[in-house]
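Every chain is named by a letter (A, B and C) in the order it is written, and numbering of its residues begins at 1.
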Amino acid sequence: MNKLINLEIKTDRRDQFIDITSRLEKAVGQSGVKDGFVLIFVPHTTAAVTINENADPSVKSDILGYLEKLIPQNSGFAHAEGNSDAHIKAGLTGFSQTILISNGKLLLGQWQGIYFCEFDGPRNRKLILKISSG
Amino acid sequence: MNKLINLEIKTDRRDQFIDITSRLEKAVGQSGVKDGFVLIFVPHTTAAVTINENADPSVKSDILGYLEKLIPQNSGFAHAEGNSDAHIKAGLTGFSQTILISNGKLLLGQWQGIYFCEFDGPRNRKLILKISSG
Amino acid sequence: MNKLINLEIKTDRRDQFIDITSRLEKAVGQSGVKDGFVLIFVPHTTAAVTINENADPSVKSDILGYLEKLIPQNSGFAHAEGNSDAHIKAGLTGFSQTILISNGKLLLGQWQGIYFCEFDGPRNRKLILKISSG
């Protein structure tokens, strides 16, 4: 069984990590898939998806703040839209994650949460999930 | 049905992004797979594969230029081949991408193209595609 | 056929690349899967998995040294555990790799090895493998 699901994500800052773990858990639960994997795909070029700590929220702000320091928006880029920094951050973070499903649940480590990464918001974004058994 | 396909890619600069989207679309079309995914795998250690904007070519040059600024070739590396920067760039960019196939086509966002990333060219490179239904 | 396998990895430095290629080869051999893929998943937030050169060991030290230079541990981070740098390094390197299996073996390039990446050791770590035919 395979399920293709679209999720809508509304971001409200230029740079933002949004915890999507519970939405993914729900989608996996509704799919009925007990063992397999979910591919989380971001169909954008200035947003990404990553895994990180689900406990202390300062980890998120540390990561976003340091990426901004490493790749500042105003770095003399040629691209006229002024968001080349966001393209670079997204490319380094990654446009997909594959997460295992075991016993109907996401097989994550104890401290892992899944985050949608906005690097050029605020925007209305989409996320595509492919849930596969196997 | 599963297909393992080798593509040859000839690069002609040290650092280069080459749009491979249409070659992938063609391979997917020829495979006959209607719904599934394609794993794009780079069997090298100084090249990578990424997704990025398919419109303004200055995005490519902004990314390559900034990576070179962030990780200069001459950073006092120990590796005698003189391409440690290329290993780092490739590792951060990633050696594979998984793209969904829907209705016989790559399921990409409107602005997304798929790019082979050369960081130590010019060279003759290979790319391995695994096209799977499911 | 699908196999979910847990590997234990003991790291003994704060930053370390450990070659896990032969352990993966062995797991794939024992699984009996001839054609398919293995998903290598790191269930942590300060460790990662990557592919890199299996020949000159100075490549590993060049990469680790440069990541430390790019993202120093003491960068004024807010997270009280003092390991935000490790979270950033892990996120940029990646928490999973998908490797093809062909004729019962990992389909790697000539110079490619697979490395577990410790960024906040020494620790006892785990790695989850999902070996799938198809």
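To be clear about the criterion, a residue touches a chain if its C-beta (ideal position, glycine included) is under 8 Å from a C-beta of that chain, and two chains touch if they have at least 3 such contacts.
If you're wondering where the values come from, they're calculated on a predicted model, not measured in any experiment.
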For the protein chains shown, what form does their contact graph take: line, ring, star, complete or other? complete
Just send me the rotation angle from a CA overlay of chain B on chain C, rounded to the nearest 5 degrees. 120
Can you check how far apart chain A and chain C are, centre to centre, with Cα atoms defining each centre and the answer in Å? 20
Going by the contact rule already set, what residues in chain B reach two or more other chains? 70, 92, 94, 98, 134
Inside the complex, what are the residues of chain A that reach chain C? 35, 37, 50-53, 56, 58-59, 61-63, 66-67, 69-70, 92-94, 97-100, 102, 107-112, 134
Residues of chain A that touch chain B when the two form their complex: 2, 4, 39, 41-45, 70-71, 75, 77-81, 84, 87-88, 91-92, 94-96, 98, 126, 128, 130, 132, 134
